[in-house]
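Letters are used for the chains, namely A, B, C and D, taken in the order the chains are written, and counting of residues starts over at 1 for each.
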Amino acid sequence: MIRFESDYTEGAHERIMKRLMETNEEQTPGYGMDEHCERARAYIRKACHVEEADIHFLVGGTQTNTTIISSILRPHQGAVAAITGHIAIHETGAIEATGHKVLTLPSDDGKIQAKQVKKLYDAHWNDATHEHMVQPGLVYISHPTENGTTYSKSELEALSKVCRECGLPLVMDGARLGYGLSAKDNDLSLADIASLCDVFYIGGTKIGALMGEAVVIINNALKKDFRYSIKQHGGMLAKGRLLGIQFETLFEDGLYYEISKHAVNMAMMIREAFAEEGFSFRYDSTTNQQFPILPNEVLSKLSEKYSYSFWEKVDAKHTAVRFCTSWATKKENVEMLIKDSKALHKLESRRYHS
Amino acid sequence: MIRFESDYTEGAHERIMKRLMETNEEQTPGYGMDEHCERARAYIRKACHVEEADIHFLVGGTQTNTTIISSILRPHQGAVAAITGHIAIHETGAIEATGHKVLTLPSDDGKIQAKQVKKLYDAHWNDATHEHMVQPGLVYISHPTENGTTYSKSELEALSKVCRECGLPLVMDGARLGYGLSAKDNDLSLADIASLCDVFYIGGTKIGALMGEAVVIINNALKKDFRYSIKQHGGMLAKGRLLGIQFETLFEDGLYYEISKHAVNMAMMIREAFAEEGFSFRYDSTTNQQFPILPNEVLSKLSEKYSYSFWEKVDAKHTAVRFCTSWATKKENVEMLIKDSKALHKLESRRYHS
Amino acid sequence: MIRFESDYTEGAHERIMKRLMETNEEQTPGYGMDEHCERARAYIRKACHVEEADIHFLVGGTQTNTTIISSILRPHQGAVAAITGHIAIHETGAIEATGHKVLTLPSDDGKIQAKQVKKLYDAHWNDATHEHMVQPGLVYISHPTENGTTYSKSELEALSKVCRECGLPLVMDGARLGYGLSAKDNDLSLADIASLCDVFYIGGTKIGALMGEAVVIINNALKKDFRYSIKQHGGMLAKGRLLGIQFETLFEDGLYYEISKHAVNMAMMIREAFAEEGFSFRYDSTTNQQFPILPNEVLSKLSEKYSYSFWEKVDAKHTAVRFCTSWATKKENVEMLIKDSKALHKLESRRYHS
Amino acid sequence: MIRFESDYTEGAHERIMKRLMETNEEQTPGYGMDEHCERARAYIRKACHVEEADIHFLVGGTQTNTTIISSILRPHQGAVAAITGHIAIHETGAIEATGHKVLTLPSDDGKIQAKQVKKLYDAHWNDATHEHMVQPGLVYISHPTENGTTYSKSELEALSKVCRECGLPLVMDGARLGYGLSAKDNDLSLADIASLCDVFYIGGTKIGALMGEAVVIINNALKKDFRYSIKQHGGMLAKGRLLGIQFETLFEDGLYYEISKHAVNMAMMIREAFAEEGFSFRYDSTTNQQFPILPNEVLSKLSEKYSYSFWEKVDAKHTAVRFCTSWATKKENVEMLIKDSKALHKLESRRYHS
């Protein structure tokens, strides 16, 4: 089985594994207070162009979202998010488990717009009984989104502007951030993101690391006592240096960008191949997740050799599915997938026309 | 600096690192549904002599305690624990953050006794206004305790008996379980623990693994929907196979016991050396944590070369400290510590007597 | 100002006030353990035809919903409700504050249908990654709904059947239950409701009492430890007899139904008057809340003398508003409202046509 | 049965009942936005000498404590309280249910001292791993305490000073505040309390009202969005005017103090009578709760005619019990209790000596 079902099917990038081996016998203090973490923080601060950013390393995405959001909100506040947002649907109610409602905005492609946030904010405060409703307390976006789409710089600027006008911290889930930064049409830098968001994180789990998410807190008002929140939510890894070593490796000389770029290139090969065959796509993704709408018969055959994720039934004969590439995707596997898909499509077309 | 401050100062056992390297390019499904996890589960079930046990792999201790306890309790129930218990003092209120009080029992050495549990249980139910108080809902113990002490088989049998009579699930925090099973005076096997507890976990973070705790659920009534709880508490590692690979390595041929034994041996060397010098100990620990009460002047000198944990001020001139050994502790470092301690003690004694 | 803005603008029915005066100097035990509560429970059990129902008296609706729902659900479960449901929008996230997501179903009139519940249930369990999502744990409906609409017997039977097939307790918010039971087209009795729901409550606050909601637990599995839940959520009134006395008065000889009927009659007068004028209604309500769509100019004039609730802007010139009647509504006030509305409409029509 | 078991055995003071009757047909807006609430707020502000205090009316004590405390704390913070404090033992873990630990200080009489708070605060911040522990976030005291004892002005000043130095809001549970203000040795005024506490509440349930607690927020930083917190915790009474009317009546001309004084006088009669008989007391209470230690045989006989609360077993033959008086206590009942107690004591003494 060749796996395209997710972007976490392998271990870690070989340079990370090598570094973990080399440092294995080092003795360090625990809980992220070691020199590897310090160096990784310095690299990330530099990449963000924010010397005074607070950087914390957590293990996984759900944990990171919960830790950030519950640290920011007061009990009567909620997190504004796209209805497709990871916190809204795929974290088993982790945000609600910390007492907060996710206030969802309609979205098909996974993105939300500045004007939607403003409208929700105004609707709340213009309601005479607003204290009977959950108060919007922050805005959560994913970049790239769960659907592979990305925010342009102007879209993010507009969101950021509205958020600041409304006093709503803007939080970016960057579980796949590298893949967004490597998209062909991307016009955002890490420094832009740092200047437009209040808190964001740089995903490692899906981009080269065994596990790990680097939280970057830009807004001073949100920095206080964040380590308490990490510990309370079970995110303070005893051997914190494991996260430090990995992010050190990813950010010391651009490895993070390099492997992100590879994944996007692989995804574009898949995209172009399916497009050439005349297939359409559920979302217009320029990142490592591709959502072609394929004939069920082609899918059925493909699934004997390749794994992918079921996304959504489109009609009686077609299904939208997700193919993920990653830093670890092998070009020969992508080529094989393309070749097999084309052959199956041709076969299916013949049968259909005969 | 030679570190004895904790049992998580190094990476992982070399055989685990080797296995992680070998499997690094394998493609597997995520979230613990891979074959490594399955094999690790089989090894652990066999070691516990319980074929139908549910085994789940989580990342760290606080997360594991929270996930287990919040999965078991109803909202008005609390977890009974020693006042020294990890959940009572060192998890930033993680249990309370899930809505539950920790009902503490007095303890000096970290252990609680069956009769204490019975008394608390009876006090609750005999109170006419018991619904105004938190209902005891489970009993949490650590074995070994946070103070290095252990339960004997008869003590655990008594606890288990009372818990079953009272309908209170017995949960064992085994973050350092291997070190308990390797203590010289230990008369408990994993199978005993499995037959006496409702849920327990086998710590990997402190015993050879990069990270990881293996939860063993024996009581059928507590198995339902546990994976939801893991996900909600951020413990469902995307690359779950990392935990599977590590526990597979630890349990396939006894590595877990072997390295635990080494740590205990190293601890006993330290213990005997301090005892020979006439020092007393804060707790009577037979496991990898030793708590000698040392003269402040000796400590001050030692701290230039060795790290240890401050535990508690004993009097104006003496302090109880903690020295931890682990699977990774080097014998030459222990010997150096002993030699230096003896020399410092001699020096200090001379100064004192002169 | 003559108030039609809500159904809680006055104190309590005179017979309740009289009874509170008569019993004022009685000495009783606290927390609902007095004889008035016992008698009220007996009356309600009889009205429900369920001798073994557990009956508890709480103070207000939000508290009651929170207490019931948090008592039933496990932490990873959510409450299925109409998107218009009180728990979904008007309780400041009280359900989320106990850790649970409200899983909303689309609804315009406030009702949900059996097939919607089944579809949501199936979608959850058919999803391969269902443990990454909140599990449906109960179904919450309001009867009458927040929009004044009601369930027919066959609709409630269908919902109940699906809920039982899916193992989802059916919870009915009956804050305005009397007004539903008194609707002209109602074919449900309290006994029907008791046989079809697992838990429901009989609203007192909006129907004759100073405050108070009587929770009726039919399903034995949900009875355990409910008083703990009441106390934890601040709903255990010290002078519990106040609630007992009020429900005793409401249920000893049919006062509850009698005053509910009055409110519905008053609402029907308003409805018919607006209908005669050719106005349409936002919802087809047969209960004490009426939602006419009125010209803004008429509304503006009316608001000088009458209070009502803004509901929703319909177009540039029309607004849907809510007029509430209650047990306390005076017929002369309704007649005056009708007369004034008709006059204003005529005036506005003339201006418009001239 | 003549009841001394609690201070909530009757309804409300006759003047309150009269006022509720007189206003019963008035139409008012809901949720505390009516004129009665406004007037009551004005009276209380005046009594506190703080024009800009925020005043909110809630229904009961557990609800009030939960609403205040959860509104103030961040998720990783806890409430410092005496181990005997109501929030620590008698609210079914309501504080924990909002995610917060109660950090208990030892206390026998129910009071805590400034130096205890300072010590706990310093211990937290001096601990190198303080982020692994719950951070003290506010200090909660009861005045009078659950044991009937009171803080002197100098004690409260000392507490307030330490709290301000440590940045810990001082919250006073004044469920029985009137009884404290009426104690013979009291040297605190409402204005003193307002100047020394950040938030406190004036209990109505136990002092003349059917129900109701008036929260007074002095510290501006704690005022924001408090009504959201009330609503979320189910404390926003639909007919809020009921609370306004009651506090209006209690505070318009000193009724609150007058009836509090009566209760204390009645308690002193009981205290003196038991003291004359040579009985000792569990706590040195100068308020409406008295805790004599009585022979079991005397208690057994007394319980045929009088109710009281069991407090604690003292020895094989003696038990500490609680007798409560209140605004409603009848002097003839107190006299009868005294007479009967003396007679029983004489009888018992004779039997013992014969």
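In this section, contacts are C-beta pairs under 8 Å (C-beta built on N, C-alpha and C of every residue); 3 or more make two chains touch, one makes a residue touch a chain.
What you see is a predicted model; the values in this text were computed from it and never measured.
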Chain located farthest away, centre of subunit A as origin (C-alpha): D
Of A-B and B-C, whichever chain pair has more C-beta contact pairs: A-B
Fraction-based call for subunit C against subunit A, same above half, different below: same
Subunit A-subunit C separation of Cα centroids, rounded to whole Å: 42
Cα-centroid distance, subunit A relative to subunit B, in whole angstrom: 34
Subunit B and subunit C, separation of their C-alpha mean positions in angstrom: 51
Numbers and ranges of subunit B residues touching at least 2 other chains: 75-76, 91-93, 97-99, 131-132, 228, 231-232, 236
Touching residues (chain side subunit D, partner subunit A) in the complex: 70-71, 74-76, 98-99, 131-132, 135, 225, 227-232, 236
Subunit D contact footprint on subunit B (complex, rising order): 75-76, 78, 89-93, 96-102, 128-129, 131-134, 310
Residues of subunit D defined as touching subunit C within the complex: 1-3, 5-6, 8-12, 14, 17, 20-21, 23-30, 59-64, 66-67, 91-94, 97-98, 205-206, 210-211, 228, 231-239, 242, 307, 328
